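Below, each structure is written out as structure tokens.
Next, two complexes with chain A in common: one pairs it with chain B, the other with chain C.
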Partner chain A sequence: MSVTLAETPAPVAATSPALEAVFQAELAQAREPKWLADSRREAWTRANLDGKISESGIVVGKSDERWRFSGHKGWSLEGALRAKNKYAGKLPDIFAGGHPLDCAGKLTYADDILAAQTPVSAELARQGVIFLPLAEAIAKHPELVREHLFKHDHALGGGKFLALHQAYARAGTFLYVPDNVEVPATFFVTHWAATPGAALFPHTLIIAGANATVNFLDYFGSVNTTSEAWVAGAATIIAGSGARVFRKSVQNLNGHTLSYQDDTVICGRDSDVRNIAVHLGAQRARYESYSKLNGPGSNLELCALTIASGRQEFDQRTFQDHAAPRAKSNLLYKNALLDESRTIFAGMIRVEPGAEETDAYQQNRNLLLNPAAEADSLPGLEIQNQNVRCTHGATTSRLDPEELFYLRSRGLPKNTAYQLLVFGFFEEVIQRVENEALAELLRKLAREKFGK
Partner chain B sequence: MDQATQLEIDREKGNFRYETDYAFDAGVGLRPATVDYIAEVKGEAPWVREFRHKALKIFESKPMPTHWATKDLEAIDFSKIRYYLSQGQKPSRTWDEVPADIKKTFERLGIPEQERKFLAGVEAQFDSEAAYSRMKEGLSKLGVIFVGPTEGLKEHEEIFRPWFGKVIPTSDNKFSALNSAVFSGGSFIYVPKGVKVKQPLQAYFRINAENFGQFERTLIIADEGAEVTYMEGCTAPKFETATLHSAVVELVALKGAKIQYITVQNWSNNVFNLVTKRGLAHEESEIRWIDCNIGSRLTMKYPGVILKGRRARGEVLSIALANDGQHQDTGAKMIHAADETTSNIIAKSISVGQGRSTYRGLVQIPKHLKNCKNNTECDALLINANSRTDTYPAITVRGEGNSVQHEASVSKVSAEQIFYMRSRGLSEAAAMSLSVNGFINDLVREFPMEYSVELKRLIELEMEGSVG
Partner chain C sequence: MPSLDIRNLCVSIGEKPILKDFSLSLPKGEVHAIMGPNGTGKSTLAKALAGHEDYTITGGEVFLDGELLLGLEPEARAKLGLFLAFQYPCEIPGVSIANFLRAASQARLPEGQEVAAVEFYKKLHGKMDALKMDRKFTARSLNEGFSGGERKRCEILQMMMLEPKYAIMDETDSGLDIDALKIVAQGVNLMRGPELGVLVITHYQRLLDYIVPDKVHVMWDGRIVKSGGKELAFELEAKGYDWVSKELAPSAKN
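Presenting the complex of A and B:
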């Protein structure tokens, strides 16, 4: 195993000398293999193309369809890209007092610095399971990491964020489960934003071998309610033939955080992949989900629950790319909107010419709980094969007054009836996590959103 | 059998043309002088000329909308288009006054004599200027005005000017600006208070000169409680080079009025058909677009309704058929701007061979509104393995008690259905045609009799030889 140290960085045309200095300093400090350092420099150049990154943030093109309906304020990076210090305070335990989560391994980061680690059992290690902090995996398994890291790029509009992520992402997880290894317990990773003005670039890379079983949970949170933060995360899930991957993520950052998250899923032959995302926090959150059904007979389930309150903006862009025959995908995105919040759902199902017998579904349900809230829906289809079944549906409405009336006629007070219906709307997604500890946590977090 | 030969469709069917002498010709290309020329020939008032010049500037300043629309738009060469042609005639009132060679073209088009007599106030548009227009005695007695835009703006300025360019502002999009600069031909209709026009008003549009674009302008005003149905049908002979058709249609339904606008579009498939259509629905009024697109190379058309008054209702029923070399980019817009407004969109598309059909929709319900409803359904049927369909709806909802539902599905003709019909002795083509007609049947039924018959025939024609 040979690790080449990074060479002296080549100068790139950065908009801001201060940002450039931070990038170069981190690059030099990380002492990464040459291929990675090169890839980071390339990404940094890409992020800086057209001079659209500066301290004042990433500027989003107004006439870009992929940003239609999004707020056009820049994504301010002010003060965010600077050297980080280790957070000294105590980190919360999100499962405290509830049902304990059955963990196969655990990683906890604060401001992108590793804070705690529970490695996998000796038995799993013997079977070849690798569950490591990303930086450690790069050093110990460079070939394996190199094969998959930052390999997938898509065109959902967040290219600048993704490039910035690729230039900076050093915190995160590398999980490799070899062929035929089944791990029923959950790999649990937490990323905390702690100090004010921190920029986080959490990365998740999950590789499931043939017929492997993987359960994974990513949790993004803030240790307090006041610190501003900038989070640009990315997760890549690669499911081998017949693999079963079930990944869940919860974004519960505080209301001063800007969040960008990219989830990329590559489904192999006959694989079965589920990705459930719950979005509760951040001031503004952009979520991009790109899934490629690459293997014939693969089955993908994408599910999201968003509870928006205050003046939060949740911007969700999804893409179900059917590239292989007989694959099935099913998407359900539910948004509940309180106060003056805003959600955008833009989904696309693309069926490529060779993807016959595709069965694809896309569903967006918006529940408006306040007249001032706004839900935008852009469900899309691009079908290039006739032998398919593709449907999508989008609905936006308030609670059904008849259902409310029925419950009240049974003696329930108005508030209770209202809550029963709203939480009933969430349950459809919550029950799909098929994990009692997590379901309980989600119910608690949902209640907290309403408690404010 | 070879797939390619099976897909061969006889495009020569509509390929006929007669020599015509053009009394006025603005030449090729678009300059301020072209606009002056058109205004001069038509003897227009200074404000109309100014309107045209302003529009030309807006047209030139606007970029092509290729950031969301197809790149095929770039194939249009605006400098090679003829922007104005005319027979130099006043619209004729009786059939006898119509020149013989024009009659011949209509004969070939198959407008039956009886239909002409039956349908009220037929105005057939031949190239830019209305070749003949006739109104039933009874209609003009009721005070219904049915004229071309030149006459409308000259003789009835007080009626048409207040609404002209108000529903679709010149700067709405690049092509509405183009139309505003060079419009000629079309229909201006005013239906007075409480008048219900029983028979549909009808105009056949037609283009018949190489490199010639048609820019008709239609404005229909239905006064309080009035009702009117307008039908527009198109057929164009085949040309060697691409031709451009860019109309602007504005509808104004005042309180309690009802307007129904029916289009059957069957341009030859080298025509760019880029049309802006929008209605303004006041209190308790209803505007209904029935839109059927079968022809053209590229159609971009999204009829819309601005629901301005309480309890107004908007509806778009749309059928699109895209065959080889065609892109039907159609859809609907519903802008809710008052409480308790409702809208309904039903779009069905069929893609045959390498045809591509696209649905683009926009539904907006802003936050101060209560109890608005929208229903959108779009279904696509794909006939061949390389057919393509896209759906791009955009829905924005705020406010109290508003509800929106959107559904879309894509499917193919069921193999079992075809097998069943074949086992009953039908040929595969006949079974396919029956199946496709079944897919759109519930929409076709909404069309007036003569149109639904014509439509079914057109669809059968398009489906010929597409099975494979």
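Presenting the complex of A and C:
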């Protein structure tokens, strides 16, 4: 189904004619169903509201509490472009030389262009598992995609990024695992930023049916250490009744990249969902995590590990929304800060009136490895129900000299002792990925951040 | 004769003198006990010897087999063969016992040499069996969530793995029930021999029933006020620390 410009609803004047042209050209070329084209135009309009988007950036309001502590005011879009040609170089294999990852299917993108694909086995396909590039899924399963794509919006501050994402996102994954289908192996998707100046809008949509089991890994990386890039990605995870979904993401973009990442998790009745996010890369990275405990008895674990170095800034906003009774959520965000890096954590737990017997937990732990680094923490609670248990806390500390002495007294050189302690801080999260290949990769990436 | 030789050691915490002209010679191959009431400076002695930076050395010298110990980094002292079993071992989250001991063993090897994994685990499991520790402990974070007894056992495990020349055991007996005490003592007795000198710091005579010392020193207010054979421990147990304060301490000062 193609959409002609003649069907376009009243156009809104975009702040940037150049971006407008790219948007219209991609829209026309994609030949998407009308509902989707309409939704993209609407998103494009939202992104352009207030005239706050242009080639020179997305401006975030100074007075916007949701951006409090965030170091810079504008997110420059200058030079960001949509890659036209498939990246010609060789793409790295992140698991090379280590434990191989047991994959149920694989997708690899470079600059939002599909570069490689390993479909699911015939057996999984027979069971009804759909694992496709998003654009292909839109063409082949329009109704299924329509039910869930871009349906969830929230107000953690990154609305403009999300709108821009919704206007452009065609690269990424659609995963549908039907009721009662268990897939222990990992669906593994990689997004590479390759061409200098590329703008990427990777999307992940995971739908787990009742009692389904899903394991998923998103990896965001750069093919080199020098190219600038602009990445605005979003993932939506929808867990049906009793589903067990374990999603992991690793953001390891290079230090010239601006990264915006949005995760939305919807937990159905008695579902068990885990979302672990590891943040290592980018010059500035904003991560928003919105989770809705929609089904009674659902159980959610949110975990993040951030290693900030140089002058990196990681800005993390989380929201645990308890909308159903007897649900449990447990959030642990750990940040290690080196050099002159910054982290911001602002978390909120909301317990809605009907959410009896909620058990919600939120913890942010910062390890300051340099006095010039800075960690801000803003935990928050909003409880509209009496019969609940909610705890939250934030700690910022340095390495304990007693622990350092203990290790050194056993003969470990100061540097080794220091590293053991710092890596010990990471282990709590790394071990939770419960996957040896990924754990090994994370340890390797962490070592690289320490320059070895 | 090789020994750990502590000569006129003076140690302060901040401005406060804790060890006052403390002297003791521990010949290699012997086990000495130091007994003394709380607050007399036993842990201060142990930590100052191990090189803790909170303790200021204001006088004296320490030789380990003739080498100057004071002024060295804690890791250098460990490599010379000194080991301290801590009174309060700290928790190290995320660092497993196996990884930690492997790194500590690695640190003792010359550059370019690697700890052989198979032999390492064989040795580790052997020592754990001797201490009746569950092998699952190897994967657990060091001391994290351990009971008092488990921590002390883990200290002795480290000592057995690292094979020091001189070991200081700071109140290893406190917090142990009698069965754990016997196991720990058995571990130490296994290591006893001409290549090891042990300084057993304790509050009670009980431990010395199981680790029989060659010499006993009574400590009071930062110095040794009486030394003798193992029977001194019984005398102290019978007469109590009052005896030390009223009779031994005044005469030692003169």
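Following the convention adopted for this analysis, the second predicted complex is superposed on the first by the 437 of 452 C-alpha atoms of A that agree within 3 Å, B and C clash if a C-alpha of one lies under 4 Å from a C-alpha of the other, contacts with A are read in each partner's own complex, and residues count from 1 in each chain.
Just so it is clear, contacts are C-beta pairs under 8 Å (C-beta built on N, C-alpha and C of every residue); 3 or more make two chains touch, one makes a residue touch a chain.
These numbers were taken from a predicted model, which means no experiment stands behind them.
Colleague: Looking at A:F426 after the superposition, I want to know if it touches chain B, chain C, both of them or none. Which is it: first, second, both, neither?
Modeller: In the superposed model, A:F426 contacts chain C only, not chain B.
Colleague: Going by the contact rule set out at the top, does A:G451 touch chain B (first), chain C (second), both, or neither?
Modeller: neither
Colleague: Check the residue A:P17 against both partner chains and state whether it touches chain B (first), chain C (second), both, or neither.
Modeller: neither
Colleague: Identify the partner contact of A:N366: answer first if only chain B is touched, second if only chain C is, both if each is, neither if none is.
Modeller: A:N366 sits against chain B, while chain C stays out of touch.
Colleague: Touching A:P184 in the superposition: chain B (first), chain C (second), both, neither?
Modeller: neither
Colleague: Is A:H392 touching the first partner chain B, the second partner chain C, both, or neither of them?
Modeller: first
Colleague: For the overlaid complexes, name the partner, chain B or chain C, with more touching residues on chain A.
Modeller: B
Colleague: Counting only touches as set out at the top, which of chain B and chain C does A:F405 meet: first, second, both, neither?
Modeller: In the superposition, A:F405 contacts chain C only.
Colleague: Now for A:K414: first (chain B), second (chain C), both, or neither, which partner does it touch?
Modeller: second
Colleague: Return first, second, both or neither, reflecting whether A:L378 touches chain B, chain C, both chains, or no partner chain.
Modeller: Touch status of A:L378: first partner only.
Colleague: Starting from the residues of chain A touching chain B, keep only those that also touch chain C in the other complex, and list them.
Modeller: Comparing the two interfaces on chain A, one with chain B and one with chain C, the shared residues are 401.
Colleague: Show which residues of chain A lie in contact with chain B when the two form their complex.
Modeller: 63-65, 68-69, 353, 356, 366, 368, 371-398, 401
Colleague: Considering the complex alone, what residue numbers of chain C touch chain A?
Modeller: For this pair, the touching residues of chain C are 50-53, 73-75, 77-79, 83-84, 86, 89-95, 99-100, 103-104, 107-108, 141, 158, 162.
Colleague: Quick one: which bits of chain A touch chain C in the complex? Just the residue numbers, please.
Modeller: So the residues of chain A touching chain C come out as 400-403, 405-414, 416-417, 420-421, 423-428.
Colleague: Where on chain B is chain A touching in the complex?
Modeller: 67-68, 351, 367-368, 370, 380, 382-412
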